[in-house]
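Next up: some structures, all given as structure tokens.
There are two complexes below, and they share chain A, which is joined by chain B in the first and by chain C in the second.
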Partner chain A sequence: MAFVGIQLKRLYRLVLLPFILTAGILFVGFLLEGIWSPGRIRPLMMVLTQVPVIAAGLSTAFVLNGDPIIELAESTPTGWRKVQVTRMLIITGAFLTAVGLLFIGLHMMRLWPRDMGWVSIISPVGSIFIVNCLVFLIAVLTTSMPTSSLAPIAIWLFLCFVWDPYITDPVRQRLIPLFIAAAGAIFGWNMCGDAERNVVKVAAL
Partner chain B sequence: MRILSLVRITLLMFYRRKALWMASIPLALFALFLAYASPMSPGFSNIQGLVFTGQVLAMFTPLAYAASFSDLMTAGRRTGMDELESTSPLPMAVIRSAHVLGAWVICISSSLLFLVLIAVRQAINGNGKAILVALAVALVILSPSILIAMGISALLGALLPTIVARILAVLVWAWLAFYTPLLPLPTLNGGPLAVIGDPIAQGWFHTNPMYIPANGPFTIQSGVISLLWQACIIFLLFTGANMASNHIKVRV
Partner chain C sequence: MFISIDHLTKDFRGRPAALNDLTVDLPQGMIGLIGPNGAGKTTLMRILTGIIKPTTGKVFIDGQDLSSPANRRNLKRHLGYLPQHITPYDNLSPLEFLDYIGILKMIDNKHMRQEQTHTLLEQVGLKDVMNLPIRGLSGGMRRRVGIAQALMGDPQLLVVDEPTAGLDPEERMRFRTLLAQLGQDRSVILSTHILDDVAQTCPWVCVLRFGRKQYDGPTEGLIHEAAGHTWITPPIAAPPENATIINAEPTPQGTRYRIVTDTPPAGSVETAPNLEDGYMALASER
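Let's look at the complex of A and B:
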């Protein structure tokens, strides 16, 4: 746990980001609730609720790349994989909690777009989980910051514009990509355990 | 001659970033799917379809490029590479432009590849002009949009903390490219200052614009104005990013 604490201390500003976003979006919803009709607020919320997904992917790409001391981490009993996975879990956990709060807030205000009851929570939570798992895989594969920041946007584009409009059942909409993403994350987990690969990648950069 | 060799070296440097190529191909594919599935789509079998596809690529792919180039101007500064570069006989402005050019080549090449493939299919079916149109679309519609997105990313990346810059750059591009009358936001779309190629597409290629122009259809002149305006923005963005990156602290 002390190890998680150290990483948390390093990333605390980034952990605050999703909660600031949630608070901001809820505030906008609260402010507009009396002024605009729900039919007018929902499209705005449809846009705003995508912001945490993009932010989650970019934050994960940011924390998983650009650490200059991979070699040092590999030379200790901790290992680089534990560092990477802890960082990813901290960011993912923060974003999942924040987006859960966001959903509860907007659901209570009846402002969540395409609300189908509590099952709709799977939509934002699933997106963030999918994006983060795949970003983890891509960060491990490429160890390059521009590429792993490009990836979450590409995945989000796919989910938001290609997948969601055609698969409308909320459970199937998230579960199928969720399994693919989880498989990708396991693949990344295996690859990240290869100490030699991690160190050689740094040297080649 | 020196400049040519510099461009060659920069291209080689970016050619080595294979991961970026790999990531930009699915991105262009998603945009192609959107162009194909859109209810506004004129199909892939005529000039209109080619221009429409170019515009969809110019709206969606820069979202990702806006996210990924926040260190375009600052990476060299942080590692001290710029000190090495400043000892070379070329002016810094040329070197910086070469960096931008190299990144731009990666960004545009996957989109260009797909546009040319569509054009080749059209050419085989007897539309001889298609390949020229594809190249023109890539040059006057796609590249300004990509360069603007990269410029926004580079400027914000030099001014703000990385992660804030990335998220903001995506949002700024989303604001520039998409517009719905449901939201009371001011927009450039519908006027000659749009950055997604509407004035050029309608003025020069006679296609239907993405957003209905506010003051009557675009003419050839509005296409020229649009291109000059976009060139100005690109110049200002990169100059600004370059100036802002001069104030970044060097990691010693």
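Let's look at the complex of A and C:
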């Protein structure tokens, strides 16, 4: 618990970020609800609800790169993988919770774009899970902040413009990439357990 | 802790072997690990700390084979490591950073962690600045934060990689005194290019070159390598040939050289060797 607590303490600003975004988007929805019709607000919400997805990926890229004590962490019984995975899970958990709240709020206000009922929650939750799993993989593979930061944007572009428009069933739309992302994360998890790679790759940079 | 290294080889892809069939026994106490850049010192330390695995060969620490993951994990519980390049999180204070390392070392009891943190910061002379962000501390103070973190958990094996590099003379002396004190009741492996630090603190020394052992034994023994071969030349115009120059002292009459050689220039005076002379004598033998 102390280990999770100290990581939470280190990341608390980024943990707060998704809740601030959620509050902001809900506030915009609440304000506009009295002025515009739902049909006019939903396109705006379609844009705004993508912000947490990209922010989740960028936050994950940020926390998974640039740590100056990898070698030191590897010399402890905890190891570097546990540090990385815990950080990823904290950020992902925070964004998933916040985006869940965002969905509930907008769904209740009937402002969630393309709302097909409660099942639509899979769309934002799945997006965040997919983006973060793949950013984790890329961060482990490249140990590069610029590459890891570009990754969420590329994945989001793919989902938004290539995948989602053609796979309209919300379950299939998210489950297929979700399985691929989970497989990628498992691969990254395995690779992150290689202390020699972690230390030598970072030392060579 | 008694460390036994048995036919250790470490290859990195596309590079010459970092360690090449190294066999050495290291006794308890302060051990100096010296050698030129690329000799394999850092690789050896990373293997001893269980971070990387050798390509072939074995390491035994107190009879425990490090090729077993369980033994490596157990070693890490009793290990203090100060890597060559350590940049503590600069937004944290020394107190917070040590607490963080304590958690990584699985010291779960908060009270115990806090007690150790305070004791260690006092020991390394950082009590007055323990609540200030590390970013505001001098290089020497950061290095002391580094050694304090290595001591979290009261490790029985302390591995320090070039701890005095970049420190001013005052900090260096303070640091090596601290290391010598620590070496009284545990094993300390000190890797450094500063031979004076080894001469002052380590009764045992291991010299590596091209991944192989060149010398392993008492520090006095290494100094003895240059006995009868260390000379001070009279002031001369050109550096002597067939000699390893240890230092040069300009005088109005010419330059006076301290050399290690079998054939000194005429008028040279034999002098008592030091560790630098012994190390250079060994290097010129290769």
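Rule of thumb we're sticking to: the second predicted complex is superposed on the first by the 205 of 205 C-alpha atoms of A that agree within 3 Å, B and C clash if a C-alpha of one lies under 4 Å from a C-alpha of the other, contacts with A are read in each partner's own complex, and residues count from 1 in each chain.
Heads up, the rule we're going with is that a contact is a pair of C-beta atoms (placed from the backbone, for glycine too) under 8 Å apart; a residue touches a chain by one contact, two chains touch by 3 or more.
Since we're looking at a predicted model, the values are computed, not measured.
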{"item": "Clash or fit (per the criteria above) of chain B with chain C on chain A", "value": "fit"}
{"item": "Contacts of A:200 with chain B and chain C, given as first, second, both or neither", "value": "second"}
{"item": "Chain B versus chain C as contact partner of A:6, first or second or both or neither", "value": "second"}
{"item": "Contacts of A:154 with chain B and chain C, given as first, second, both or neither", "value": "first"}
{"item": "Vertex chain A angle, Cα centres of chain C and chain B, expressed to the nearest 10 degrees", "value": "90"}
{"item": "Partner chain(s) touched by A:121 [first = chain B, second = chain C, both, neither]", "value": "neither"}
{"item": "First (chain B), second (chain C), both or neither touched by A:23", "value": "neither"}
{"item": "First, second, both or neither for A:32, with chain B first and chain C second", "value": "neither"}
{"item": "Broader residue contact with chain A after superposition on the shared chain, chain B or chain C", "value": "B"}
{"item": "Which of chain B and chain C A:182 touches, first, second, both or neither", "value": "neither"}
{"item": "Chain C versus chain B - closest C-alpha approach in the superposed model, Å", "value": "6"}
{"item": "Overlap of the chain B and chain C footprints on chain A, listed as residue numbers", "value": "none"}
{"item": "Residues on chain C engaged by chain A in the complex (per definition of touch)", "value": "12, 46, 49-53, 73, 76-77, 79, 81, 83, 85-89, 99-101, 103-106, 108, 110, 149"}
{"item": "Chain A contact footprint on chain B (complex, rising order)", "value": "17, 19-20, 22-24, 26-27, 30-31, 33-34, 37, 60, 63-65, 67-71, 162-163, 166-167, 170-171, 174, 180, 182-183"}
{"item": "Touch list for chain A against partner chain C, complex", "value": "2-3, 6, 10, 68-69, 71-78, 83, 195-196, 199-200, 203"}
{"item": "Touching residues (chain side chain A, partner chain B) in the complex", "value": "14, 17, 40, 43-44, 47, 51, 54-55, 58-59, 62, 138, 141-142, 144-147, 149-154, 157-158, 161-162"}
